[in-house]
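Take a look at these structures.
Look for chain A in each of the two complexes below; its partner is chain B in the first and chain C in the second.
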Partner chain A sequence: MQVTFKDVTLSYDGKRDILKHLNFVIQEGSLVCLLGPSGGGKSTTLMLISGLLAPTHGQIYFGDTDVTKEDALGRKVGMVFQNYALYPHLTVQKNIEFPLKMAGLSRADRAKKAHELAALVHVDDQLDKKPGELSGGQQQRVAIARALAKEPSILLLDEPLSNLDARLRIEMREEIRRIQRETGVTTVFVTHDQDEAMHISDQIMVLHDGHIQQFSTPKTLYASPDNLFVAQFIGEPVINSVPASALSHDLAGVVSDDILSRAQTAGIRPEALTLPQRALDPLTTLHGKVIEFDQFGRESTAKLDYNDLQLISTEMGQLPHNTQELDFTLEKKGFFLFDADGKRIFGGDDHAE
Partner chain B sequence: MLNEKPTVKSTIKGWLYLLPMLVITITFNIYPIIKSFLMSFYTKYDFYNDIVSAYGFSNFTYLWNDPDFHLAVRNTLVFVIGVVPLNIIISLAIALLLNKIKFLAGAFRTIYFLPFVTSTVAIAQVWNWIYHSDYGLLNYLLGLVGVNPINWLNDPKWAMPALIIMSIWKGLGFNIVLFLVGLNNINTRYYQAAEIDGANAWRQFTNVTLPLLSPITFLVTVNGVIGSFKVFDEIFALFQGSSGPSKSALTIVYYLYEKFYTEWKYGIAAASGVVLFFLILFVTLIQLWYSRKHVHY
Partner chain C sequence: MKKAASVLRYVILTLGALIMILPFFWMLSTSLKTQPETVQIPPVWIPKQLQWGNYVEAFKAAPFARYFVNSVIVTTVTTVGQLFTSILAAFAFSKLHFWGRNLVFMIFLGTMMIPGEMLIIPNFVTLSNMHLVNTYGALILPWLASFFTVFTLRQTFNSVPDQTYYAAKIDGASDWRFLWHILVPMSKSTITAVTVLQVIGSWNAFMWPLIVTNDENMRTLPVGLQAFTTDAGTNYALLMAASTFVIIPMVIVYIFLQKYIIAGISNSGLKG
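Showing the complex of A and B:
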């Protein structure tokens, strides 16, 4: 089911708006990740989609139907809560069966379905336990099974993998992706983990400060962040952000004067700083000193000093030992300029402008 | 440490912590219980000199054959069955309503708690007036809907209902407060999950509220059953020192009281106490057994 928000504003207390004039369309059958810092309104957005919260202003549509006035009972979405919210008095099996029981399925059908789902999320050996006897990760998986049980047309997941170990996390996210592809259920997935978001989503919505900072494919989000916040939020290690004025000398002639004069901050992805001999699409060459060089497994980071500013590069693996000073290349890809409002004015997809 | 094994030292330490409590409990609870058990077997007792010259079961055979005692047991059971379920249902209903209107809950909590902290005698005085056959509020209200005045306190048929109504009312406050605490402790996320799962308000009540409230309900029930089995002062105050018209409100404890203080038949009084003890024990065990399956902690 396609989900549309039209100018949705939400305030819990009537004074402070948590979400401000949200407009977006989540395409039918897609998997969208909500990404953003803590307190950014991700859970709140999910609650609005589910119908547990009603918007203060604006409309919500499922397909062409206005569901703004309908409560959660009427919207029939599946949801995994941030804190699982498994019924503590019911066994795992009864928890998974609960939505089916409400839907009026027979006992035998319920049990059959519950066993299938439990197997899917690997909790089939825990069916007779109560939630209190499960680990956090097991509870999370039971919650996923319960949300899937009623075969919803929209599935909402609020940080469903946050309590799993690294390996299980990857396994489960692939599993969620597989289930999503198989069933074609429109899925909204909240996560703190940008790596997770990058790997499984069709589109990512970055929420901060009550606004959508950017809503695009993972690739676009990384390659052409709309603003400084997104550029800084996405990417590991974090993008180098330095005053644009520090680079103006080296950028003169490469970037138009008009843009340079408006630019306030420059963003340089750590992989956009390379050794000249390995450069692919160089923008310009910079000169600096090496402060520190660390090698971790197959990754390396170099701390460089450029005009008394510290820059981090991940592409200096070939750096000769004991190098003190060097010329290094600034690549086109991964270099952005932002104006005083934080809006991107150079770099990324439309850097021809 | 959560999984510490008990050692001699830690055991002694544990008992030392318990000591003050144990001394008080043994002196004022355990000893009297043992004493009254023993007393129920006194068949010849010189209470001026505290000399027992014979032991036996005759006190119990007396009870077995005493129609007054049969009446007392019957009345007590009627009272328990009349008070406890209604009390629980009404206090739960009121607690649910109060829980919905949060801003009133504070004020109402105090109001409903008043009966609990007010002396039974004062309450009974008020109810004496409410039940008055000529000037009583209750008969006035019944008169409005066309019911003939009832002689609540002097008609043997109505004395027990009058007692039950007053006792239900008196017990409401405490139970409402307990239920409110219980309701407050149920996390709203369970209701949200249930709503998402397709449970309407009624099914949320039966599938979330009732099971998650069951420990409180159990507490309230056990407490109510035990308290009702021991009913005495309400009767004493409401019927002004009698067991109601034609003993219609004679309960086991009232029977015990009469045997002890007015007839000085200590052995029989003690024996009726022992019977009451086992009656309560039996009912409580049934409740415990039931709770194993139906109470979710």
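Showing the complex of A and C:
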């Protein structure tokens, strides 16, 4: 189901707006991640989509239908919570059957459907157990099966993986992607783990401070961040951000004077600083000192001093030992300038998507 | 050293247990004594000859069958009724958001500060205005709501995450359905505990039934025990024999449900 927010504002207490004039469209059949720092309003947005919370202002559409006044049941959403919210006194099968029972399906139909779903999420050998007897990953699967039971118009997941260990997380996120592809259900997934978001989503919505900072594909988000916040939030190691004035001498003639005069902050991805002989699409050459160099396996980080500013590079693997000073290349890709409001005014690709 | 500590612990625990059990032992022992033995000094611990006849005599001394029926009716209706109202109220205080919820809750909480004894007279006046004195109504009505029970249940309901409530809503469960099919079963052990405490409380209630009934037919067991105290003094042997069969049902309840009572009191309520 396509989901549309039209100028949606939400305030819990009537004083402070948690979400401010949200406008977006989630395409039917896609998997969208809501990403952002804690308190950014991700869960709140999900609650609004689900109908558990009503917006203070604005409209919500499912397809062409205005569902603003409909509750969760009317919107036919399926939801998986961070703590799974399984019913501990019921068996796995009864848990999956619960929404079907509420919908008035016969016992036989319920059992059949529960078995199918259990097979889909690979818990068909656990049907007689209680949730307390399952591992975190298994509980997670049961929660997904239960959410899918009533063939929801949209599947909502609120940080479903945050209780799992690192390995299982990676496994489960692939599982969620697989299940989403197999069922084709429109899915909204909340996370504050950018790695998770980058790997599974068709599109990512970055939420911060009650605003959508950017809503685009993972690739675009990384290659063309709309603003400084997104540039700093996405990427590991974190983007180098330095005052644009420090670079103005080296950028003169490369970047137009008009842009340079407006630029406040420069963002340089760690992989955009390379050795001249390995450069692909150089913007300019900088000169600096090596402060520290670490190599572990195939990865390396170099800390460079440029005009008394510290820059991190991950592309200096070939750096000869005991290098003190060097010329290094600033690549075009991965270099951005932001104005005083944090808006990107140089770098990236404005025609992406 | 370690061993000594553990021996000491056992000695203390055993002493504690003995002190707790002493009144029961004394009751049983007295119930099997002859009249003179009950007041003899030094006290007689084990009667020379066990007077089983005391039990028969005690049972005949007053209409205990009637008292028993009254006690069962009052205890059952009080417990069920109080549980029902408390579960509804606790649910509202825990999971529903309505205007003034916290204020109402604070006011109710405040009422717990009022000693029960202070309510006896106003309650009596109210009930006599309603012409309910000497009826089951008087015995039951004042106990149909208990904020202590509401409070205990609310604590347990609060430990059930709101997400579970939302999940049930999304699954299509009404509030009513969620309450009885999910929240209550999830809180089984606390509910059992407060039920048992309430059963024991109303079974043993003395003051209130004594005040609102003077008709023989409306007496409950604990009040009925007065039959053995007359102007001529108290027949302790018979009184203790009667007391024994008054408390036996509670002892049985306790033995079967002690697991839940302990869990409920230590409020680890939710493991299920």
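Things to note:
One rule holds in what follows: the second predicted complex is superposed on the first by the 335 of 353 C-alpha atoms of A that agree within 3 Å, B and C clash if a C-alpha of one lies under 4 Å from a C-alpha of the other, contacts with A are read in each partner's own complex, and residues count from 1 in each chain.
By our rule, contacts are C-beta pairs under 8 Å (C-beta built on N, C-alpha and C of every residue); 3 or more make two chains touch, one makes a residue touch a chain.
This structure is a prediction, so every number in the text was calculated from the model and none was measured.
For the composite obtained by overlaying on chain A, chain B and chain C cannot both be accommodated without a clash. In the superposition on chain A, A:Gly348 contacts neither chain B nor chain C.
When the two structures are aligned on the shared chain, A:Ala103 is found in touch with chain B and with chain C.
By the touch criterion defined above, A:Pro218 reaches neither chain B nor chain C. In the superposition on chain A, A:Gly210 makes contact with neither chain B nor chain C. With both structures placed on the common chain, the touch criterion links A:Lys150 to chain B and to chain C. Residue overlap on chain A between the chain B contacts of one complex and the chain C contacts of the other covers 50, 52, 71-73, 77-79, 81, 83, 85, 87-89, 98-99, 102-103, 146, 150. Remark: chain B residues 187, 189-190, 192-200, 203, 207-208, 211-212, 214, 296 touch chain A in the complex. Listed in rising order, the residues of chain A touching chain B in the complex are 50, 52, 71-73, 76-79, 81, 83, 85-89, 98-99, 102-103, 146, 150. Those residues of chain C that touch chain A in the shared complex are 161, 163-164, 166-173, 177, 182, 185-186, 188, 272.
Within the complex formed with chain C, the residues of chain A that make contact are 50, 52, 71-73, 77-79, 81-83, 85, 87-89, 98-99, 102-103, 132, 146-147, 150.
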